[in-house]
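Beneath this line is the structure, given in structure tokens, with notes to follow.
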Amino acid sequence: MSDTSRPVLAQMPAAVQAEVAATRERVARLHAELVRYELVIWTAGNVSERVRLESGSDAPELFVIKPSGVSYDELTPESMVVCTLDGTKIDDGTPDRLTPSSDTAAHAYVYRHMDDVGGVVHTHSTYATAWAARNEPIPCVITMMGDEFGGEIPIGPFALIGDDSIGQGIVETLRGSRSRAVLMANHGPFTIGSDAKDAVKAAVMCEDVARTVHIAHQLGGVVPIAPEHIDSLFDRYQNVYGQRAQDGKD
Amino acid sequence: MSDTSRPVLAQMPAAVQAEVAATRERVARLHAELVRYELVIWTAGNVSERVRLESGSDAPELFVIKPSGVSYDELTPESMVVCTLDGTKIDDGTPDRLTPSSDTAAHAYVYRHMDDVGGVVHTHSTYATAWAARNEPIPCVITMMGDEFGGEIPIGPFALIGDDSIGQGIVETLRGSRSRAVLMANHGPFTIGSDAKDAVKAAVMCEDVARTVHIAHQLGGVVPIAPEHIDSLFDRYQNVYGQRAQDGKD
Amino acid sequence: MSDTSRPVLAQMPAAVQAEVAATRERVARLHAELVRYELVIWTAGNVSERVRLESGSDAPELFVIKPSGVSYDELTPESMVVCTLDGTKIDDGTPDRLTPSSDTAAHAYVYRHMDDVGGVVHTHSTYATAWAARNEPIPCVITMMGDEFGGEIPIGPFALIGDDSIGQGIVETLRGSRSRAVLMANHGPFTIGSDAKDAVKAAVMCEDVARTVHIAHQLGGVVPIAPEHIDSLFDRYQNVYGQRAQDGKD
Amino acid sequence: MSDTSRPVLAQMPAAVQAEVAATRERVARLHAELVRYELVIWTAGNVSERVRLESGSDAPELFVIKPSGVSYDELTPESMVVCTLDGTKIDDGTPDRLTPSSDTAAHAYVYRHMDDVGGVVHTHSTYATAWAARNEPIPCVITMMGDEFGGEIPIGPFALIGDDSIGQGIVETLRGSRSRAVLMANHGPFTIGSDAKDAVKAAVMCEDVARTVHIAHQLGGVVPIAPEHIDSLFDRYQNVYGQRAQDGKD
């Protein structure tokens, strides 16, 4: 059943295989954070991570993503699916029935077009999706949001699954913003990061600020933060603190 | 004390007894999902599943349902009650004091009138019940809802317990909709599925979209999804993905 | 240090001591339900239960209540405080520093004036307290509320701690209602029951309907249930189902 | 790598070292309460406690605080950072890479200027931060708030991280209030207490009343409590009950 023209994981260099194994372990484990922070229900959310290759390696670029339709309780490192950057599963030793997440094409598009992205997360977390249903960006009115996102969390276009339109919408919207999160219209948030853990952190923070700013607006009269103060918060958090503590905020 | 005119489980063919035992185990376990997703409190929600019979079997049609007034912590496969499709408990080896859920008549009505339904769930989950208190259907404004329900989640009539009016309201409303969930007016959601797990998934998704769409409306200006896009989402999710991954969404 | 004029538990009949021990065990354990259903934080809520005596017993009437200022994690049967119906701790073998809950006077007043009450619960659960802050009864717009409370959950008067005014407000309000829950103005809910478990169930249900009805009202247009239908729901649930399954709702 | 001009913990008197060890244990453990009550996500909140010294001790004043960028799951007593009251880490045996929380300067300012403060907590808890985003104090409309805070929870000024302006804003606002909590504008709550546990209790209660009062206002018509009643509640809770049960409310 396997396609002999596709790269076969077992024939790749040992260093690549070891990196894939480590990535699978991380990606499997990080899904538990989506559950812990109540960003997902049933099987409706996914994490992926680009496999880090030695510079100069001629191995194909790969990423690891959740299998489709497997519940979070049952995820194991071995069940994580390995794909090339065109979004196709390679023969990675998992059973053929373990197909990659139905959002794989969107993840792959991001990896192909944003070289510095090492991890991608997609959820339908409640408050972020509510802003998305109104096609409304989340305004930056709390300092934590200035620290993390450097301004508003933008809205991406409405796009149907099935081709590259979701991936294109994510990439185009994020390129016009300092934010690591985008709310795809009527759909939900996608977040990016330097690795999967960083993208998960962005997903957790995105829902947290979506909720807090929503609740702030419920009683009216939210006070904006001046743009120069947002710049100051973002600059300090990303640069000054970035050198000392990698997942900094506390 | 047992009614000798009623079927007795212990005298049925071994294959039926084995299927009943497997169904009891599934139904008991699935109640834990209602608790996990916070769809129920105390004893206020129930799951049932139709017992699958070999085609051509002349055994009576049966379903398995939660006993009345037993807390979720104490549910065991053995305490699940076996009923015929008229909603009457058979002599199934459980003590006489274990009567079936007070909603049994509604479940039975659905099984009698919808042949393809294999599982039914009833809860009073918070957000779905809030829409029900306004007698207002949940509009389809997020893609997950298009995927799962193919449009709005409809309102069923107000009906009192005690006869077939709840069951009739469920069946009539669902027959006029693509949705697997109905909000009975001033009461709460009932969901159906191909089996009990599928109906539980529908109950989880129903509350999730009820919450997200509620929150979206709190700040006004929700953007609808075009009907042809809803058709496209539903068609793809039910058909294309349906062949690959049975509990698909991720 | 003990007051020799007060009854001393160790000198009471063995049957009373056994009943006190069983009551302590139940009351200690039921506080965990307040935590599980998120009705309380820190030490801010309490359960009590009247000690059941043989009819004709000449032992003094007693009830068991949470000690003041002890966190829910640390509660043990032995730390539960035994009081007479005037709200005074008896010499029950617990250290003198374990004083009864600061709400003991209100519980005692209810036991003195409502003979059929076997359990009392007080919380500051979020949604019920929000209705109380508006001095607004919770209208009966969902069937579960008709089943459990037979109509609206009423508001009691504003009363300060320190004398019998809280107890009086509870008793006067509940006597004019079918409800087992009262929202003391700007304070929070008190619930009663045939025993402590039944009062805890009323506290859980009170917060659940307070939340659901609040959320229903957030988007306007809640549809009332006709009074005769509320009567029918309450009557059936309390009488027909009451004979079959004591904690019925499912 | 250590700065020889800074005090070195290992050379301090044994009694100080023992007190530091006990404080580290308490501070590490109390962070779990922030998680339990859902006041924090990721690493975004911190607890500190002043080290209690014998009166007349000539040891430098110290406090213990969370390390920056370490997740709550990984906190241990040994990883807690020891600082002098100018907010500088001393050579306390922890690796150099464990720097104190980025909010350390604000904690230090409070300890320098408020002698009776033994503990400080900072979170971005959802509802309190929502009031802060509107620069709106939380009005005292429930008795629990009168008990705990003696009136409204005030708003502090907008202040950027990097100098003493956050600390100054906290101290100036709290000096003008009976409240142990202040909502720093567009930022989040800081709470103080006689020790770290007391400050954590204030953080838990602050979020609880922020949530309840928010929800009360959502449907309009909140009824205020008369100022003399607030005085009575606060006085009784702080004084009468204070002598009997230190963390009293129940």
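In order of appearance the chains are A, B, C and D, and numbering begins at 1 in each one.
The rule is simple: a residue touches a chain if its C-beta (ideal position, glycine included) is under 8 Å from a C-beta of that chain, and two chains touch if they have at least 3 such contacts.
Computed from a prediction, not measured in an experiment: that's the story for all the values here.
Student: For copies chain B and chain C, work out whether under half or over half of the interface numbers are shared, and give different or same accordingly.
Tutor: Interface between chain B and chain C is built from largely different residues.
Student: Superimpose the Cα trace of chain A on the Cα trace of chain C, which carries the same sequence, then give the rotation angle to the nearest 5°.
Tutor: 180
Student: From the C-alpha centre of chain B to that of chain D, how far is it in Å?
Tutor: Averaging C-alpha atoms per chain gives centres 47 Å apart.
Student: Can you compute the centre-to-centre distance for chain A and chain B, using the mean CA position of each chain? Integer Å is fine.
Tutor: Chain A and chain B have C-alpha centres separated by 33 Å.
Student: For chain D, what residues touch not just one other chain but two or more?
Tutor: Within chain D, residues 218 contact more than one other chain.
Student: Under the touch definition given earlier, write down the residues of chain B that touch chain A in their complex.
Tutor: 37, 141-144, 201, 204-205, 208, 211-213, 215-216, 218-223, 225, 229, 232-233, 236, 241, 244-250
Student: Which residues of chain B touch chain C once you look at their complex with the stated criterion?
Tutor: So the residues of chain B touching chain C come out as 41-46, 66, 68-71, 99, 101-103, 124, 126-127, 129-136, 158, 160-162, 185-188, 214, 217-218.
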